Amino acid sequence: MKIGILTSGGDCPGLNAVIRGAVLKGIKAYGHTFVGFRDGWRGVVDGEVLELPREKVRGISKQGGTILGTSRTNPFDGPNGGAHNIKMTLVSLGIDALIAIGGEGTLAAAQRLSQEGLKIVGVPKTVDNDLAATDYTFGFDTAVQIATEAIDRLRTTGESHHRCMVAEVMGRHAGWIALHAGMAAGAHAILIPEQPVSAAQIATWVQEAQRRGRAPLVVVAEGFIEQGQEAAHSGRGLDTFGRPRLGGIGEKLAPEIEARTGIETRATVLGHIQRGGVPSAFDRVLATRLGMAAVDSVAHNRWGTMVTLKGTSIESIDFDTALGSLKTVPQERWDEASLLFG
Amino acid sequence: MKIGILTSGGDCPGLNAVIRGAVLKGIKAYGHTFVGFRDGWRGVVDGEVLELPREKVRGISKQGGTILGTSRTNPFDGPNGGAHNIKMTLVSLGIDALIAIGGEGTLAAAQRLSQEGLKIVGVPKTVDNDLAATDYTFGFDTAVQIATEAIDRLRTTGESHHRCMVAEVMGRHAGWIALHAGMAAGAHAILIPEQPVSAAQIATWVQEAQRRGRAPLVVVAEGFIEQGQEAAHSGRGLDTFGRPRLGGIGEKLAPEIEARTGIETRATVLGHIQRGGVPSAFDRVLATRLGMAAVDSVAHNRWGTMVTLKGTSIESIDFDTALGSLKTVPQERWDEASLLFG
Amino acid sequence: MKIGILTSGGDCPGLNAVIRGAVLKGIKAYGHTFVGFRDGWRGVVDGEVLELPREKVRGISKQGGTILGTSRTNPFDGPNGGAHNIKMTLVSLGIDALIAIGGEGTLAAAQRLSQEGLKIVGVPKTVDNDLAATDYTFGFDTAVQIATEAIDRLRTTGESHHRCMVAEVMGRHAGWIALHAGMAAGAHAILIPEQPVSAAQIATWVQEAQRRGRAPLVVVAEGFIEQGQEAAHSGRGLDTFGRPRLGGIGEKLAPEIEARTGIETRATVLGHIQRGGVPSAFDRVLATRLGMAAVDSVAHNRWGTMVTLKGTSIESIDFDTALGSLKTVPQERWDEASLLFG
Amino acid sequence: MKIGILTSGGDCPGLNAVIRGAVLKGIKAYGHTFVGFRDGWRGVVDGEVLELPREKVRGISKQGGTILGTSRTNPFDGPNGGAHNIKMTLVSLGIDALIAIGGEGTLAAAQRLSQEGLKIVGVPKTVDNDLAATDYTFGFDTAVQIATEAIDRLRTTGESHHRCMVAEVMGRHAGWIALHAGMAAGAHAILIPEQPVSAAQIATWVQEAQRRGRAPLVVVAEGFIEQGQEAAHSGRGLDTFGRPRLGGIGEKLAPEIEARTGIETRATVLGHIQRGGVPSAFDRVLATRLGMAAVDSVAHNRWGTMVTLKGTSIESIDFDTALGSLKTVPQERWDEASLLFG
């Protein structure tokens, strides 16, 4: 059996470990051969592949990014896109099945292609950890660890200068990275998209921390919107990918906090460093296991499914069950974390 | 309510985050006060405590070890030990309830004291991850991360010198650290207490890796016993804590591998560096949540229980259900990992 | 003898190691006592000190920031400022000599106070490494290491997405951090204040790297000014500390590069994470030695001098010789580094 | 011009950065071509090379070990060894000059070959930092950083258990790694080959630290010999490389300290993790510059010389001046460090 693998959407620590896990297990347990599509769906649509013999995946599980390249191409766009054309391309390449590694958008495309008869298995990927069907996604642990280390560093500067430090982390629609990095770093306020909070409340937490002699530390997810600012926000329009225009919340909050509290405040946007580089051991293990399980799904003809983590087990779930709802931070996790604010 | 906290047994990254989580939640949510016992059960038996006001736990979640100190004292030993004496001591100190943070031995003692009427809640702690009632214990993730980083370093030396590198990691009765660090680092053989393997098999894996042009990498848990060596092992007697005398497996294996394969082989014992220092973000979050949940258990009079992680939730479980069985690496996890050997 | 220590200006990894080195050597070798001024010159002017017995400096050399606090206060400002008032304050506190740890501004103030009769010894501090009298300043190595690790992470994202990544690092007047982090990370262009370069030249380097199949990587110091933009820059006025308004060069360059090359380009501003947190071993050793040497200078009445690193030795140099000129990146270091561009 | 590069002796972080620096500068500045010899002098003697075009050195400066492999082969041994045979081999391969990267032994061999007419330039390499002609060797900074981080981790275990922790680090003949890592980590005793110290003195330092409430921390170089044990030591004979048999000093010291002080004591041997893995930014910059300078030496016919670091400059020095004496820790550095013991 010849299997094609693709990685799609934003890069994420652990992608290469998924690829390696799938290729090694496929070769050793089932005698499969593998090719990788270049740059996600673009390579599928264009029929551009590279061979993936065992040597090609050697040592890559500790390497960030994806050796296959990635893009945000939609497989239904363009003259060669759509289920029919892709089927023809796969036939001409002699490819029997696809393993698609990607986020909600990639998996939704995989679901649609599957419904139209393609043999596809999915592997969930989102650094933001916002896919509903899995306890954790690989890449999330690495992002939280990098963010936490960076915030630990910001704290000593805040303390030396008696400043309030604001750290903006990833999290467009869900505040998982902010929640975990903020708890790990002992933040005095964590601001997430799920929980609008007023500037007055933020200032209160900052002042409480300062009154106890602390340098206030605020961790904010990029998708956070201040209470009362939703309208202004919605007016900002869409970015080039059709998403609400985000970003800059850290730089916006810092002067507001300074104005309300009188405490000198500085913002740092952690940005792309959260998603690149060497994956944590946790993510390497999780990603390797998911890649191996995806090949098992192929071997058992579990088309239209994706692999997931439940507790400590890797399981399989239908796209139809898995997709459609975002995994946001539930109220009880917010209540738990917010008790420590101020 | 005045609550006494103790940390017992080997130190573990995250102990201080448990203490901080418990103290902050107890103060903020319930108005409790806290004291810490010095050096585990020793401080309980001797009635030696330090006050734990909020300032005392400030910033400690990123600090390795335990601010309370620890020891291997058995609370039933000595003239002041035993349930009756301890009850008297707690009364004299005005302490209403205990939170005991420790491993199987500590929790078994807590169970017995609980049966004799003390108000105790437990928090599971083992760097080896071998407690049955919880998906993961804090400290394990940090240990795996440190071991993985160290093994990544060993690999480049192996490759430059065309050597086989053997890394001995912790894991007396269960091979979790070896399993995870070995998978994360891409080891060509992982040797764990649960799975006796012959020297001949190990040599075969090493030679397979070498034939593919790799520098063979073997990760071995300290408690691993070669197939056929069980008798010799049992003859080694008990250490000062009454445990089978272990250690030195790495140094023992290296010359054996060299003799059987002709490949120059070097062993490194990672040792104590795996259990000290700054906890990973994962462990800080887990430990903080466990500490907070332990205080909830106290507030709800869940005496004789311990807090655990199930999936992404913190739950509560009776000592009687939780204790008594070791969580070893199950066969399917071994099968999954061993497919990648050689 | 009673010695007062102050840390002034921006915080820097290693400040606490200087304090510890001075206090330990002063106590053990000379029997001195120590106090620390709170928040740099502000504490001197206001006479606000904390005692520095041996216990107070315990374990602080691995701690970022400064336990004394810092500020940008000028000791000649305000009703209690100026040499005469400060002398009176020191007399009233029983302080015999000052150790001032700070950058060009702090040391220039120390020089002036010394000329007016105060007993002062200086310790050079600048994360930017731009003080002329010393081979390296502590904090610089840590900043370069943090920046290099972050840039290593950015690279895998650039490669996966076929993007050009721009990393903005510290370096207002001198490009040392950019030079070293850029060389360490293998940047395809390094842009520093000392070497104006045109946008066309930058685009050429980026395109050369891309043509060789690389994801172009540009490291830019915050003080870099594009060739031909000097006038526009000078029009930006001064910031609140009287310095030319800087910052934002990364965000400015990214769209320019994208427009000229057609390569998707993303900027990341590393910002405050470069100056906080645990110092590197190099910086801990250097800072400890400088602190110890500063106390020797006090013991030998070397007033009006500062301690410096020359090769592997700690030496002493007059303020008059040391100050007044910035240590910028010399032409030969630029020639050496720029040969690797493109 | 065609240049052959070899790396010889123990691996060291930064070897690949030297190779990359040399190859890139040679190609870009001089139009040279490069080959690498496999496994040090063995590849020279056997005439076994791999091509080193630009693509081959891509991204390797952050990679530990050496892409060329290494060995301890002596180029004067064997039927194909010796200056005459090597000359013939180089002629047959069309190689005009050699860049030899290695330690005292490698460079002494290079010196002898140079005296016999071969065109050779050396690059000093020793993780132990014990080469006299250079301020620092690459790899040393990485080793010190790794050791310091590991010792920081040991400390929290020591403090939690009230134990004395002994960390054995590299340093066969010179105590540089112990000196720097010990100073950086705040050790209460640093034991180096240059300074025999009695067990009684060590116990005194340990007890002093304990009396101040600290968990005593001892850093010992593998080549340290207790005062009074020199004879016993010399009786241990020579290892397979003709060096005095060393190692195990940590395991030997721990029970001695425990017996003399009554403080539970544990030893950890850091071992091979100190010399592998990703080099520090400092080492990457130093190694890159040395590699580039070695090519300049070739271009200027500086045969029989090696490149060195003096202050912040890369210089060139004759083998005859450079070799023959070990750079040990001087008395003043010992006095400086030992003042902080106890």
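We just call them A, B, C and D in the order they show up, numbering each chain from 1.
Throughout what follows, a contact is a pair of C-beta atoms (placed from the backbone, for glycine too) under 8 Å apart; a residue touches a chain by one contact, two chains touch by 3 or more.
All values derive from a computational prediction rather than experimental measurement.
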| item | value |
| --- | --- |
| Shortest path length from subunit B to subunit C (each step joins two touching chains) | 2 |
| Approximate Å spacing (C-alpha centroids) for the pair subunit A, subunit D | 41 |
| Averaged-CA centre spacing for the pair subunit C and subunit A, given as whole angstrom | 35 |
| Geometric centre distance via CA averages, subunit B-subunit A, whole Å | 30 |
| For subunit C, residues that touch 2 or more chains besides their own | 149, 152 |
| In contact (per the touch rule at the top): chain pairs | A-B, A-C, B-D, C-D |
| Of subunit C, residues touching subunit A in the complex | 7, 10-11, 15, 39, 63-66, 69-71, 146, 149-150, 152-157, 159-162, 165, 266, 268-273, 275-278 |
| Residue ranges of subunit A in contact with subunit B within the complex | 20, 24-25, 28-29, 54-55, 58-59, 61-62, 135-136, 141, 144-145, 147-149, 152, 180-181, 183-186, 212, 214, 280-282, 284-285, 288-289, 292, 310-312, 336, 339-340 |
